[in-house]
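Dropping the structures in below, format is structure tokens.
Each of the two complexes below includes chain A, the first together with chain B, the second together with chain C.
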Partner chain A sequence: MAIFFQNIMAGLETGSLYALAALGLVLIFRTSDVINFAQGEMAMFSTFVAFTLFDGLGLSYPLAVIGALIFALLFGFIVERIFIRPASDASLVSKMIITLGLIMIIGGLASAIFGIDSYYFRQAISADSIDAAGVVVQPNALFIIAITLVIMAGLFYMINKTKVGIAIRATAQNEKTARLMGIPVFKVYSMSWIIATILGAIAGILMAPTTNVSTTMMAEVHLKSFIAAVLGGFGSFHGPVIGGLIIGILDNLVGMYISLTWKTVIVYGLLIVTLIVKPTGIFGKTHRKKV
Partner chain B sequence: MLKIENIDAYYGFIHALKDFSINIEEGKIVTLLGANGAGKTSTLKVISGLLNPVKGSVTFNGENLLIYPPEKIVSMGIIQSPEGRQIFPQFTVEENLKAGAYTRKDKENIAKTLDKVYDYFPRLKERKKQYAGTLSGGEQQMLAIGRALMAKPKLLLLDEPSLGLAPLIVRDIFRIIEEINKEGTTILLVEQNAYQALSIADYGYILETGKVVSEGSAKELLGNSDIKKAYLGGN
Partner chain C sequence: MNLSKKQILIYSGIILILAILPFLLGFGRSTMTMINTVVIYSIAALGFNILLGYAGQISLGHAAFMGLGAYVSAYITNTLPDMGGLEYILGILLAGIVPLAIGLILGLIALRLEGHYLAIATLGFGVTIQQVFKEWTGFTNGFSGMNAKAINLFGISLRSRESFYIFSLVILVLLSIFSYNLIRSKIGRGLIAMRDSEHAAQAMGISLFKYKLIAFSLSAFYAGIAGGLYIHLIRFVEPNQWGVELSLNLLAMVVIGGLASILGSVLGAAFITVIPEILKEIPLIGEIRNFSMILTGVALILVIMFIPHGLSRITYKIKPLVKKTRRNKKLEDQEVV
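Let's turn to the complex of A and B:
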């Protein structure tokens, strides 16, 4: 039983990070219909900024993280302004190809600036692990799960209860009509890019101790966040979060109890079956946006 | 109040409005009539700032509207209830109405306007917690008008409020439109249902392929035999 909970715990830890990244994807997708394929690269870049502030400039860990989050804020804003907004009249396919191009640009920039080596980056909390009835719990894992919960709670409050949330959800449902109600939809786009980039940066920084900081560090998180979003349903905001947690936990349980070598195949096999049964994702309603 | 002078506007390659002019006086109901593709909806898009004309001018109480984005035009008091209702289906009725008040800063008065809207449309009050996507066509139209009223419009733009509705409901809705106007809101009413529209309007413009082909007081238009033949169906 202890092993079971050990795996659940590990699953929640990585699942939380998939969920954060997935929420960023969905936020951009719901408001502007664009799928940001470069989300992972952007997160990697922000993580490098955190690492450089910490290791290169010798800032304290919290300051380095705050610095990186401020960078992410500007980064999201600039990417939307320079690459996405000028193409606002272009077809969706073109916009997605722009975000594919961003992978090249950001990946290239990162290797030029930060090099292609991989670096160890410390955990957020480096206290000793706690033994809870046979389950070894790392304070850092608890911290990751807690911070994800706090961020989610804050975001869901914002989306469901505030005026900004009304603007986001109205834009997500019908952009033209939102404009007719006086909702500044371009500000909504801009804000969703900023929030998504910050979410990505947080996921990247918290992932770094496991993957090390390198230009390819986010590849797996990014892919899994996509799958989390598809599994939970792109049409809702809470679906992808639960999707992320499911993937994190399944990954660990299948690896433990069935087969480590076959775990990827089995987990994604299950996902494909789920999508065959429910193509809109577990929590998805048919998402159709009027244009 | 609102003056459109000599505008030309394009939808891609389609010349939607050609040397087009209309004038809306404060306190009136003005109607734009015509078939599909005559330029009615394009006119509303130009006023709301969703379509930019290549030449000509649009002024609201003397102020040039063409330099403003849609959200600014809304906050100036020009609100559109779009064609096909376009309610937010995943919002409840009340959330839709609150979205309509998005630009308002006078928080304490929003509740008053909400009551006012519920007075006009008691049906909406009964269904305020219901998702808007589950409403009937007539209720959705009421919601679309109610949502526009939440912004406290000075000029209300209504695009085809009778579209797809049963005659009885259309009559209801037109009665309420008249009431809204009597309480001080100027209205630009775009309609294919010419007879209904002229029966409540003060002034009308008849549009064909992006041009005004005829205009006059509602009475004149109702009495004009050519117009009767072409738009009012019969003698």
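Let's turn to the complex of A and C:
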């Protein structure tokens, strides 16, 4: 039983990172109608910035993380401004192609600047692990889960209760009407890209101790965050979070009890099953399009 | 075919010249390999173009279909006894048919939904199939890679790069003609109607799902054939080369070359394959790692933003400009007089 709970614990830890990344995806998709395939690469780049500040410039860990988050803020702003906004009238496919081009540019730049080696990056909290009735709990895992919960709570408060949140929800529902109501739609776009990039950067920095910092570090998180978004439903903000946690736990349980080598294949099977059974996701609502 | 006799003559002439050119110029082995890969990628891009150019769907898993074709053809030609040359034909055919069948199943699931679901489903498919290539050692030989034989068609060996070039060029031409005729058939008209307006097409009684499914599975077929040819050219495969990078490159070929254009697919394949080789030769830029990847990304975004029809139809954009300036000149001359 202890092994079971150990896996649940580990699942919650990685699951919250998937949830953070998935939330970024959904935030961008709901407001500006873009599926950001470059989310993983952008997060990887921000993580490299954090690592370079920490290891190369010798800043303390919190300072390096703050520096990377400020970088992510500018990064999200610039990407939206230069690549996405000029194409805001283009079709969904064109916008997707632009983010695919971004994968190549950002991935290529990262390996040109930072190299293709992988580096060890320290955990956020490096205290001794706690033994709770046979289940070994790392303080770092607790920290990751806690910080994710705090971020989620803050974000949901913002989306549901504040004026900014109303603007985001209104833009998500109908861009034209939102603009008629006097909502600065482009500011909302900008903001959702900034928030999503910061969420990705946080996920990347917290993921780094397990995957090491390298150009391919976010590949798995990226894919799992997509599966989480589909599983929870692209239509809601809380769906992807729960989807992420489910994927994280399932990932660990499958790895423990079924097969470690076929883990990716089985979790992908879950995506296919979701698409067959409930394509809108667990919390998604079917919405009809008018011509 | 609706081509006029003159056009048929021109096209056959161009193809003949392309076929003879390498023999006249006497390229080295590495250049010939590059030209061969251009032909093979052209085949894959041709299929991808049906999907992206006409059905307007993005796939991020076509590298997996290509890899699948490569492994299927290698496995069949390695296990079947020598049948003169029949086993190679069978291998390459199955290299197309197996991806076609898998594409059909995946499409049945993902194409019922809105556009971005196919992209997500194929992104996962690509990663998953690559994992299968790595782990299913009985079929793929895993990380150690798999060797394949050179094609030997009824006593004619295609071991030399030149003979393989003629063989793959013939397949490319056949598939191009197939594409051309497909676009001018009922299916093609349905696809074009769908590309111009999904809602209007639906109102005309075109089943979006059916036509998207046809486009997707056909593009998987093309990718599989390309993979099947690739393995007999290079004669070695390993799992890592069938990653999402290749899928992105295929997409870049189609977009940069020209959406919904046969010529565009070939131009795009040439662009993506040849540019990195040229860049390597330039002293300062050649040393920057992955410079060609960055450049491809930039080109992809620039093309989609400013010349959405790609390189193949860039003349249509330039011609009016030239004419305009000429006319302006004329007007200026007149004013002077």
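Basically, the second predicted complex is superposed on the first by the 284 of 291 C-alpha atoms of A that agree within 3 Å, B and C clash if a C-alpha of one lies under 4 Å from a C-alpha of the other, contacts with A are read in each partner's own complex, and residues count from 1 in each chain.
Convention: a contact is a pair of C-beta atoms (placed from the backbone, for glycine too) under 8 Å apart; a residue touches a chain by one contact, two chains touch by 3 or more.
What you are looking at is a predicted structure, and each value in this text was computed from that prediction instead of being measured.
Chemist: With the two complexes superposed on chain A, say which partner A:Thr210 touches: chain B (first), chain C (second), both, or neither.
Modeler: Neither partner.
Chemist: Please indicate which partner A:Ala87 is in contact with in the superposed arrangement: first for chain B, second for chain C, both, or neither.
Modeler: A:Ala87: touches chain C, not chain B.
Chemist: Tell me which touches more residues of chain A here: chain C or chain B.
Modeler: With both complexes superposed on chain A, more residues of chain A are touched by C.
Chemist: Would you check which partner chain A:Ala167 touches, where first means chain B only, second means chain C only, and both and neither mean what they say?
Modeler: A:Ala167: touches chain B, not chain C.
Chemist: For A:Gln6, is the partner it touches chain B (first), chain C (second), both, or none of the two (neither)?
Modeler: neither
Chemist: Check whether A:Ile272 is in contact with chain B, with chain C, with both or with neither, and answer first, second, both or neither.
Modeler: second
Chemist: Touching chain A in the complex: which residues of chain B?
Modeler: For this pair, the touching residues of chain B are 48, 50, 69-71, 74-75, 79-80, 82, 86-91, 95, 98-100, 102-103, 147, 151.
Chemist: In their shared complex, at which residues does chain C touch chain A?
Modeler: For chain C paired with chain A, touching residues are 52, 56-58, 60, 109-110, 112-113, 115-117, 119-121, 123-125, 127-128, 131-132, 135, 199, 248, 251-252, 255, 288-291, 293-294, 296-298, 300-301, 304-305, 308.
Chemist: Which bits of chain A are touching chain B when the two form their complex?
Modeler: Within the complex, chain A touches chain B at residues 163, 166-167, 169-170, 173-174, 176-184, 290.
Chemist: Quick check on the complex: what are the chain A residues that touch chain C?
Modeler: Of all residues in chain A, those touching chain C are 29, 35, 37, 83, 86-87, 90-94, 96-98, 100-109, 111-112, 115-116, 219, 223, 226-227, 230, 261-262, 264-265, 268, 271-272, 275-276, 279, 291.
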